[in-house]
Every structure is written in structure tokens, then in C-alpha cells.
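To start, I am sharing the structure in question, which I have written as C-alpha cells.
By letter and in written order, the chains are A, B, C and D; residue numbering begins at 1 in each of them.
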Amino acid sequence: MENLIALLVAAPLVGAALLLCGGKRLDRTGHLIGSLFAVASFAIGVALFADLLGRGAEDRTLHQYLFSWIQVGGFRADAAFQLDQLSMTFVLLITGVGSLIHIYSIGYMEHDERRRRFFGYLNLFLAAMLLLVLADNYLLLYVGWEGVGLASYLLIGFWQHKPSAATAAKKAFLVNRVGDMGLSIAIMLMFTTFGTFAFGPVLAATGETSEGKLTAIGLMLLLAACGKSAQVPLQSWLGDAMEGPTPVSALIHAATMVTAGVYLITRSGAIFNAAPDAQVAVVAVGAVTLLFGAIVGCAKDDIKKALAGSTMSQIGYMILAAGLGPIGYAFAIMHLVTHGFFKAGLFLGAGSVMHGMNDEVDMRRYGGLRTYMPVTFITFGLGYLAIIGFPGLSGFFSKDKIIEAAFAKGGTEGWILGGAALLGAAITAFYMTRVMLMTFFGEKRWDPDTTHPHESPKVMTIPMIVLAVGSVFAGGLFSVNETFVKWLEPVTSFEHGHSPVSATTVTAATMVVLVLGVGLAWAMYGRRPVPATAPRGSLLTRAARRDLLQDDFNHVVLVRGGEHLTRTLVYLDHSLVDGAVNGTAASMGGLSGRLRKLQSGFVRSYAVQMLGGAAVLIAATLLMRGV
Amino acid sequence: MNPVYYLYLAALLFTIGGAGVLIRRNAIVVFMCIELMLNACNLAFVTFSRMHGNLDGQIIAFFTMVVAAAEVVVGLAIIVSIFRTRHTASVDDASLMKL
Amino acid sequence: MTVLAAAASTGEAVQFWLLGIVAVVGALCTILMKRAVHSALSLAGTMIVLAVFYLANGAYFLGVVQIVVYTGAIMMLFLFVVMLVGVTAADSLKETLKGQRWLAAGLGIGFGTLLIAGIGNASLKQFNGLGEANAGGNVQGLAALIFTKYVFAFEVTGALLITAVVGAMVLTHRERTERATSQREQAIARVREGKQVPPLPAPGVYARHNAVDIPGLLPDGTPSELTVNPTLRGRGQIRDVSRESLAELKALEQRSEEWLGRGEGPEAAPPPSGPSAPKEHKEGAKK
Amino acid sequence: MSFPLLTATAAVPAIGAIATAAVPAAKRTAAKWLALAFSLVTFALALVIAFRFVPGAKGPYQLTESHAWIRDFGVRYELGVDGIAVALIALTALLIPFVILAGWHDADPLEETAAPDSGSAAGNRRNSWRPTQGFFALILAVEAMVILSFEATDVFLFYIFFEAMLIPMYFLIGGFGDRAHVHGEEQAATQRSYAAVKFLLYNLVGGLIMLAAVIGLYAVTADQLGTGTFSLQQIVEARAAGKLELGTGTERLLFLGFFFAFAVKAPLWPLHTWLPNAMGEATAPVAVLITAVVDKVGTFAMLRFCLQLFPGASRWATPAILVLALISIVYGALLAVGQRDIKRLIAYASISHFGFIILGIFAMTTQGQSGATLYMVNHGISTAALMLVAGFLISRRGSRLIADYGGVQKVAPVLAGTFLVGGLATLSLPGLAPFVSEFLVLVGTFSRYPVIGIIATLGIVLAALYVLVLYQRTMTGPVKAEVRSMPDLRVRELVVVAPLIALLLFLGVYPKPLTDIVNPAVGHTLSVVDKKDPKPAVQVDAVPGGARHGHAAPDQDVEAAK
């Protein structure tokens, strides 16, 4: 059974190879091939899942050794896979949601002449992402890690003729690279500390080394996670990443890739457990980001960017949970999965809306669409309810648990984190309600002559429906007598947090803030009409519209500074380093030019020189003989 | 008196000849100065052969004379042909030897 | 003979000091005389003195060769060339190259002092004269050496001399590329060019002179270059007498005027040949 | 004695050079095919070497040949290869055919670029100023000399080829420019000759200093061993046996003499400024020749000669060299970001990469040096891919300025794709070959000098920056009017690029063949320098679970760790 693991990765890889090298002859069938391979790998995933369920909880860890990849001295990296409950969860999420989005894209990208390429990239992404979650050592994980980065680069910049898209893609890749730096340094640290960087030995040996080293490793891993999962301070790329086609945003920048950071931290749980300081950093990042993202989400009028903000904040929740240690890992993953469902659904919904509104993204140009695209409305609505944590829907379960766990951290820290989480929930409710209202309710703010809103074709709606179903029931399913937690426990050693406040209180509080948020949003956007052009807004609003000025900071400090630095360096290289050399050359030339004058051509001046030479020789000989 | 004085005389003549080569522009005179220098050398050789009490020095002087004769013949021929073409015997006018 | 002795005798010393001075003076004259001829002559003098010194140093053969070959042959060759190039083509001793003379003087003096210093502190104490070397006769000794030890060099010098001779011939011999033009042709050419058809005018004025270096005068009394040999012209050796001849002409007219007693008249300035005719005629009348 | 394989491998291209040069002017195309054939034969021979070579066999060198040459000075014609040399010879022999193919039309007379391959004698006579035959002959000559300098185990012999290489390179750089003239032919010509002369002077100065050191080495050996020798192996053994004892001062001086030459050749900051000019002015294939083949001799020689002849001095100089390498990495990358000329950008990128190579060599760890060797190979391939595609691009538009391009991706997707892959290889994306080597170098450095390792990782980010900026400015965005009619890659060009990319992928996924060859050699070098890998803080007993089943710890890394 282990041998299927490789196939899991291979299938989409083959698809990508076919589609990208296949050439024009595959233009007509490319999308089908791509979807086929995605579904195939999903099927394999299901088969493996069944196999795992068949086994006892303890031996649910499969290994597949392919070949020795790099082997130099003590440095040994294998191409080997490890499939355990954690990976399995991701595999199902990735391939499942991935397949759905492939199918959705068939319709969404119908009119794009480069559709084949698009599916090729999607397959490439699937392969890389699966490699990421299936790797059995950090270096192989790193391969997948950068692979998904590449795929996201290609997909964000898919419409390359738009400079904005190209720039966004470049930005995403660069910011990710900063994160990757962290990951590679972490790997090096592991190598120097443990002499290996395979999950098994490293995580087993955390006890034997100093906490300082572990903290360093942890922080580096956190840096990596920040890059990939768009956490503060490396979050700036996610908003721009919305330049990509909507299915991409749904798959990569909502459901799967951006959650890789959570996977990394959860996977390295043993390290973090042994390094409390690193954990503090993690939860801090998580808490800050969940508020940051939420605030940004409130201010955006571009529907996708609003959703991007929300993604950021939801991942903030997960990171927060992951930072809490064993009491949080399971819930982090759980929220990750549920979020995968409803956020993907929301994005697909947004995509469907744009599809019907000829690619208008400004929510202020929407309004009253519920009658025009009912399916989209319903699925989107369900996703909305799920994300704000409406009781009974999946978001409710996962997020609620996280908030609980945050309180359970204990002490003032617990209170702060819990408070932040609660606040986040409130804001979430607010901005999601805002999105909902501005899009589907209220009066039409679009020009009926030019735009004719219509429901999307089946091939697009069906995936949305599936995801909606998932976002409704997944949470419940998982939390029925803690199925999910038990399932993950062998990997992420679960322990119950002892919250100072009882679970019911937390739930009640969540409900309260939920109602508050919704109510406020309704008061602002439901009762009175929404202006078609954005009002100037408060200082905070304006800051939030600009991603809380983080981009401006980057621009001024990094971009400008970098430009000046390079320009000066180029100048110096020419004038100083090169100038020195050329200077010597020039002086030589001048000297020879002067010497040249001795060649007057007059025999007698030559004769003088000869006589002088002779005199010198005689003098020399005399001196030699010690006169 | 000590035959070394012949050497001093030779040195003196040699120097005078050299100076002449340097300051005269007329090629013929320059040649004469060269001859003067050669003769100075010969004198030195002869004196040396007397010092060492063997004839090798004189032999050298003899060869020097032969070579000098040959040199003069060719040199003067050159001067003549130069004079024919350029109507001058000044060495400064033959200054094409520069870059 | 004294020169065979290791150390030289007083007689030789006297001879050295006298002739040495002569030699140095000759050398100086060689480089300082304006005219090449004078240089050549003074150089010859120096060489003869050197010949004497060779003899004094026991190099009899060389002494003779010095006189015969150098003073006799080479210097004569020099003189020939000087003649060819022009005896009087005196080159001014004015220096053209900047600082050349000072450099030359400085270097010369420095060089000389160095040489003399070198000789001075060379340990040249012991002298074994040519006594035994010249025992079998100087020439025989030389011959023995030349034809045994230095025979190869000797052969080479032979080759060198041959080469030199050939070279000299090649250098000086002028190849005639076209047939020499006959007088007739030259005459025709002259006529065709239309310049100076008759022979060149003769030098001399009024037959007072017949020296070749005095140009004839044109009717207006200016000298005509054409009448003098181009070589003299080239050497600038033309004696120009036109001025005094003109003065004489004036005086002559004066006299004829007063002799005729007519101070003025329309024909106050008759052609030069004019007054002479009546004089003849008058003298003729006296008889 | 057996068949002199090494000599043959070098002789074939040499003969090829002569043969190609001898082809009559009219038969231009024939000359091209001839050169290609010879280069392919060379490649075949290199493969034979690679297979005849037994990794981890006794003795540092294999396939050795040794004949007395200049007895009076103990100069011997000594050839021999270790794993490193084998890898680099293979690289050279592999790249040359592609270089020839890529430069197929670079040396055609200008008129005939319209109708290529029509070798009309008239056309040739009219512009005999860039004879095609010469171009390919020179390339083959360079190949021969490079291969010989990889094979030579006699210091003097090596020096000869190390220097002789300059002559053909000089003519290749000065004689054949790409047709992207910003300011017309004359200025291009002047810039070319400037670049060529600069290349020559830099390398000559380096070489002369090295010559002095070589002679010094001979003097020392003659003084102490009685008979002077240039033989690397003899000297190393003599030192090991304690018969040869260079004084500290002498050893350092000699080391500096050698290192300077190699540092110029493999441009190390601040001796790098010749490279951008040379690569910028030369045609793309020649640029590949410079950076992918010729410069490797420098880094290779550091490994083979600097370290093995002067271990003590190497250890002494390590800190300074590491710092210089670090500067090269960051500095080169930053300048690459600042360039406006595609080829110069790639040149500065190469400077940054050479920084990595030197870093790995002087980190004195197994990972570092194996990584550096792999890096030489991988960098050769990746830069070749990138530079050649860039060359195709430039030849289409007739300009080297990045600003003149835009939206090429839309017009020529295949070209853009290959360019992107080359770029990704340059920024060492995992899954492509350069990643393996770069990571090894970083780990190797980090395990001994953590701070330097961390700063070096900055290079990763900067690399991404300049590559992506280049790609974005040239390939994406709205289509510029001048590139609208740009044709996509032709078959010949595809034949050039595709194998390189395939190789990049293969070596990225399965570098084992390379590492197996290289590791023992590196082990030997380290044992000469006598440095051991730092042991990890925690000794993790052999790995639990099935993760490792299927391979025992090979003995080679035990010996490498010695």
C-alpha cells in the first residue's frame, strides 16, 4: 500500500508535464486531462485513507523510500515519503478541494486561450503541495515548499499581459523567498545540531539538545510559516495575489498553500513544545495577524481582497492555535480543514459573481444579486454562515475550540489571546456580513444596460455546492465525540486545555460578539444604502484600505533603499573598482608616451644615450670592485 | 716613466673622439672621430701587450685595423650615396629613425 | 732598444710628453675644425703620432701598418670623399639639438674621468716587456700567432674585407637605366624647350677679367648667375665685381664729358659704347 | 601501457581545431559540421573517461599518464583525473557541442544572415573579417586546453595550458561580437576590443604572478628534495612524509601567488570587473565558454593546487577568502539587480555564484567542497541554458537592453518558458540541479561558520530578485511593438536548450551519479588539508522507522569524514 504514496505525487506531476510540454495539440483536451489527473490523485488519496482507517491508530504511519537523493559525508537527504494522519488530512483536503477547483476552472477559464497552460500549472501546484505534506524530511519538504511558491508565482502572474499581475507574482515569490530563507536556515541548524533533518530522528531527539538551539530553529520555522501563510510581518503579498484567476485564489490562497505554515508548525510540534519562547512568538504572530487581517478585510471594497483579508485572519487563528501547543494543534488543523471548505466556497462564489458581472470586483458596483444568481447566493451564504461561526456550521465548531484553547493557555497570556480571538470573531462577523450585504442585498448599483448578471454554468456551480455542503457539515462531523482530535492524536499529542472559563461561557461570549458584529454591519450597510463610490472614511479605514500602510513601508524602506543601494554600487563598481585598474593602465600609457619622446630619431641623441649607458656600466663595474 | 701613461692618453683620445661623435653633424667628421676612438683602443691594446709581454694585444689591434678599414669603406660609401640622394652629409637630416 | 725594457726610459718619457701633446691637440682639432679637410689633416697627424707610439711600444709591425694603412690609405679615402662631397661645405658648429652639446661635454668629461679613474686604480704595477715575445722578431711573432691561434679570425676578416668591397661598390655604383642622350638630342631638346638656345654667356666683364669666378654683367649692370660655373655657385665662391665696374663706367663717362667740353646737351646720357667711338676717331685724327 | 585516454580526449578537439581552420573559405557549413562532429567525439571520449573512472579506488588519480618532458627542470607530461576533474571534463565536453550549435550563425558574414548556410565564396571573400572557420576552430582549441588543464597533475604543465587558453579566448571575445549594437558597429568594435584586452591583461597579470610562484615552488623543491619537481603528487607525498618543509612565510607567499591567478580567473571580488565586459561584448556562446568552462579552471585549480600544495597557507588565508567570497555573493547579486543589459546581468549573477563556489571550497567541509564541485557543474549547465536563450532573444531583437523588451512571453511562449526555467535554475529552485549544490555549500559553510552561512543565504533572496525582475521586464507585460513579430525558438535552438534543461531537472532530482564520483576526491583533498567535518551537537543514533531502509550508510562518507 505504501507504494501508492509516490503515485499520489506522481499523478499530478505527470499531468503537469504532459500539459506544459504537450504543446498546442493538447489545447482542446488540456483541461480534461488536468482534471483527470487531479481526480486520480484524489482517488488514490481516498484509497490510502481507507487503508489507514483499516489499521490500528498506532501503525497508521506509512513510509515509502524511493532513493537516496543527496548523500555527501554526514549529509543525507532521501527521496522518501511519510504518510500519517496529519499528512492524510492534508492529502484529502488538497486533492479533494483541488479536484473540485479543477472542475470549476473548466467553466471559469473557458474563454482563455491559454487554458491548457493554466491546468498544467494547477497540476504542478497539486504535485508540489502533496510533496510538501508527504515529505519525510525537511529538505524534501523544502522542495515542495518552494514548488508551491513557484506554482503560485506562475498562477498569480497567469495573466502576464497585466503588469499588475506580473508585479504581484514577483512580490509573492520574493516575500516567500524571505520565508524560505528561514526554512533553509532552520534545516541547516537541524543538520548542525542533530546531524540529520528527517522528521523521525529530529523530532525524537529534541530532548537531547539545548533549548536555545530549539528556540532558534523554532523561530526560523516560524519565519518560514509567516512567509508562506501570509502572517505579519510577511503578509503583504496575499492581497496582491488576488490578481490571479479566482480559482487560484480559492485553491492556493485560501484552501491549501497558505495553510502550509500551519502544517509546518504542527509537524514540528515537538520542537515548539520544547521551546516555549518560540511558541510565544508563534501565538503573538497569530494573534496580531488575525486582528490585522480582519481589520484589512473590513475596509476593502474589492470582494476578493476582502476575502483575502479574511483568509489572513483565519490563518492567524490557526497559527495561534498551533502556537498553543498540544492543546491547540488538533483544532488548528480542524479549523484549517473547515476553513478550506468554506473559504474555497466563498472564493468560488466570488468568482461566480464576477463571472456574471463581467469581471467587476468592486462590491460597491454589486448589490441585490441574490435574485440573479440564486445558487451562488445560497452557497456563498452557507459559506458566510460557516465562517462567522454560526452555530451548527463547521466554522462554529473549529473556531469556538480555538478560542477556548486560547483562554486555556492560562494566565494573563490566556486572557489576552482569548480576548484577541473573541475580538477577531466579532470583526469577522462584521466584515463578512458587510461583504454579504454589499453583494447580494441592497439595491442594484450596477448599470443594467452593460451588465447582465446571470447564474454560472453547472460545471461551476456543482463544485460550489459540494464545498457548501462540506462547510456546513464538516465541523459537526469532526467534533462528534472528538473524532478528528482522536484521529490526529498519535501525531500531534493532544491534551485537553483547562480553561479558566467554562466552554459554555466561551460559546456564549462568541455568540454575543457574533451578534454584535452582524448587527453593526447590518446597521451600516443593510439599513442605509451603500454609496457607489467609497467615502473617504476614517483614518483607520484609509489605513486599512492600504493594508495598514505595510506596503508603503516596504516600498519606502526596501524598494527605494534597495534601488539607491544598487545604483550606488553600480556606480562604485564602475568608478572605484574598475577605475583603479583603468587608472593604472592610463598612467602606464602616459609614462610610455613620455618615454617615447626619447626616440627623437637623431643619431647623435642616440649616441649620447649609448655613451651614458657605457658610463653607467663602467661606474657600476668600478663600484662592484669596491672603489 | 711608466707605460701606464699610454693608457691615460688612450682614454683621453677615446673620450675626445666620443665627444666629437656627439657634437659634429658632418657625417665624415663623425667617421673620423670614430676612427680616432678606434685608434685610441689600439694604443691601449698595444700597451697592454707590452704589459703582459705577449703579442695577443697587438693581434687584436691588427684585427681592429682591418675591421676599421672595412667599416670606413662601407661607411663612406653610404655617406656618398646619401649625399647623392639628399645633397647633404649632415647626420641630423637622416632622422627617419623615430617612431 | 729601450722600448723592449719593462719600464720605459727617460728618452721615451720625453718623446711621450712631446708627441702626446701633439696627439691630443690633433684630436681636439679634429673635432673642432670647421672644415672637414682640416679635421682630416689633423686626424692624420694624430695617427702618425700614434704610429710612433706603437713603435715605441715595440709593435713595429703595427706602427708601420698604422702609417701605411691608416695614414696612407684610409685618411686618403677620407679626403677623396671630402672632395666628392665638397671641400668647402663647412658645417657650422652651431648646435641644433637642444642641450646636445652640454650633454656631450658632460658625458665626455664624466666618461673620461671614469676611464682614467678606472685605469688609475687598476693595479698595473708589474711590467714584463716584449723582450722574449719579440725575440724572434715582431713580425714573425705576429705571423706565428695570426696563422696558428687566430687563423680562423683571420680568414673571417678576409671574408669581411671582400664583403666590404662588394658592399662599397654596390652602394656607390649608380645603375644607368636609360641610354645616355647624345648631344644632338640634347640640342633638340633645348630648342624644343625654347630656353637658352645659344651657349651660356661667358664670364668676365669688358674683358677686364677672364677669371671664371666673376659673373658677366647684364646691360643694366647686374651680374648674371648663368655665366658662372654651377659648382662655384654651389660653393658660393662667386666674386661679384659688378659694383666697382659700374663705378668705373661712371668715371669713364665723366672723363669723356669734360674731354669733349660740352657739359649739357640733349644726348647727355649716350649709350656706353657711344663716347668711345669718337675717341678712337680723335686719336686717329692726331696721327 | 594502455591507451592514453586522457591525451586522446584533449587531442581530438585540438586536431579538430586545426582541421576546421583548414576548411576552405567557401565551405563554411562544412566547417561547422566538422567542428560539431569533433566536439561530439570529444564528448564520447569524456563519457568513456567517466565510465572507466572507478570512484573510491586507491590513489588520488586514475588513468594516469606520465612521460618525462623537460628533464633539466623536472617538468613531466603528467596527466591524471580525480572525481572532480572527471566531472568538470564531462561538463566541458558536454557544453561545447551546444556552444557550437548555439553559435551556428554567429560567425556568418553579415550579408548572409538573411540566408544562412549559403556558403558562397563571394560572400566570404567580401567579409573575410570574421571567418566562420576561425570561430569554431578557436572554440575547439579552447576546449582542448581546458580539458588538458583539468587533466594536468604537473604544476608546470597546468600553468602552460592555463595561460595558453587566453589566446584563443582573446580572439573569440575581440573578434566576434553579437549583432546587438546599441551605437553602431564601430563603437561595438571598440568596446569589444576593450573587453578583450581587459580580459587578457587581467588574466595575464594573474598568470605571471602565478608563474613566479611556480618557479618559486620549483626552487624550494629543488632545494629540499635535491631534484626539483613540479609533480603535484610527489610534492604532496613529500610533504606528507615530512621530507619537504616549506617555511610558513614561503608557503604563504607561494599560496598567494597561485591563489591570485585563480581568483582572477574565477572572478572573485574585487578582481571581477573583466567578466561583465567580456561576457557583455562577446557572443552568447562565447560568454558561455567564458563563464561555464574557462572560469571553472580557476575554481578547480583552487581545489586541486592551492589546497593540496599549501594546506597550511590555505587554512591561514581561509577567513579572508571567505569574507571576499561573501562580498562577491552579495555584491554580485546587488549589481545584477542594477544592470540594464541582459548579458551583463547574467555576468554579475555568475560573479555571485562563483562567490558561492569559493565559499564552499574554503569552508573545508565535505558538504562545502562537494557542493562547490557540483556547483561548478550545475552552474555551468544553468548559466549555459540561461545565457544561450538570452542570446537567442538578443539575436532576434538586436538589442541587449532589458528596456527594449516586454511581453515576449505572449509572442514566443517557448522561448519565454525556457528562459524562465534557466532563470529558476539560476535562482536555484529546488528540483533543479543548482539547488542541490547551493544548499550543500550553504550547509557546509554553516556547519563551520554559522554567521557567514546565514549571510550567504541572503544570496538566495537577491537571486530571486534579479532573476524575476529580468523575467518580468523582458517577458511579461504588454507586448512591445518591436517584439511583436518575434519568432519563437527554432528547431536548432530547441535542440540546444532542451537537453540542458532536461539535464538540470535530472541532476536536481538524482544527483547521485555526480556525488558518487566527487565525494572520494573531496575526501582526499580534505585529508590533505587535514580538516574534519564538525560533528553535530547531538549524535542521533541511526534513524528509527523504515525511513532509511534500503541503504546502509556507505563507507565513502566515513572516509570523507576522516
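By our rule, contacts are C-beta pairs under 8 Å (C-beta built on N, C-alpha and C of every residue); 3 or more make two chains touch, one makes a residue touch a chain.
Predicted model only: the values in this text are computed from it and were never measured.
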By mean Cα position, the chain sitting nearest the middle: D
Pair with more cross-chain C-beta pairs in contact, given A-B and A-D: A-D
Cα-centroid distance, chain C relative to chain D, in whole angstrom: 77
Whole-Å gap between the CA centroids of chain A and chain B: 96
Inter-centroid spacing, chain D versus chain A (mean Cα positions, whole Å): 36
Geometric centre distance via CA averages, chain C-chain A, whole Å: 107
Overlap residues in chain B, where contacts from two or more other chains coincide: 18, 22-23, 25, 92
Multi-chain contact sites of chain A, meaning residues that touch two or more partners: 600, 602, 604, 608, 611
Of all residues in chain C, the ones touching two or more other chains: 97, 100, 103-104, 107-108, 111, 115
Touching pairs among all chains present in the structure: A-B, A-C, A-D, B-C
Touch list for chain C against partner chain A, complex: 97, 100, 103-104, 107-108, 110-111, 114-115, 117-118, 121
Contacting residues of chain C [partner chain B, same complex]: 3, 7-8, 10, 12-13, 16, 20, 23-24, 27-28, 30-31, 36, 39-40, 43, 46-47, 50, 53-54, 57-59, 61-62, 65-66, 69-70, 73-74, 77-78, 81-82, 84-85, 89, 91, 93, 95-97, 100-101, 103-105, 107-109, 111-112, 115-116, 119, 124, 127-134, 138, 141-142, 145-146, 149-150, 153, 157, 160-161, 163-165, 167-169, 171-172, 174
Chain B - residues contacting chain A, complex: 18, 21-23, 25, 91-92, 94-99
For the chain A and chain D complex, residues of the former touching the latter: 20, 61, 63, 65, 67-76, 78-80, 82, 136-137, 139, 142-143, 145-147, 150, 153, 157, 160-161, 163, 165-167, 169-170, 173-174, 177-178, 180-181, 184-185, 187-189, 191-196, 198-202, 204-205, 208-210, 213, 562, 565-567, 569-570, 573, 577-578, 581, 585
Touch list for chain A against partner chain B, complex: 596, 599-604, 606-608, 611
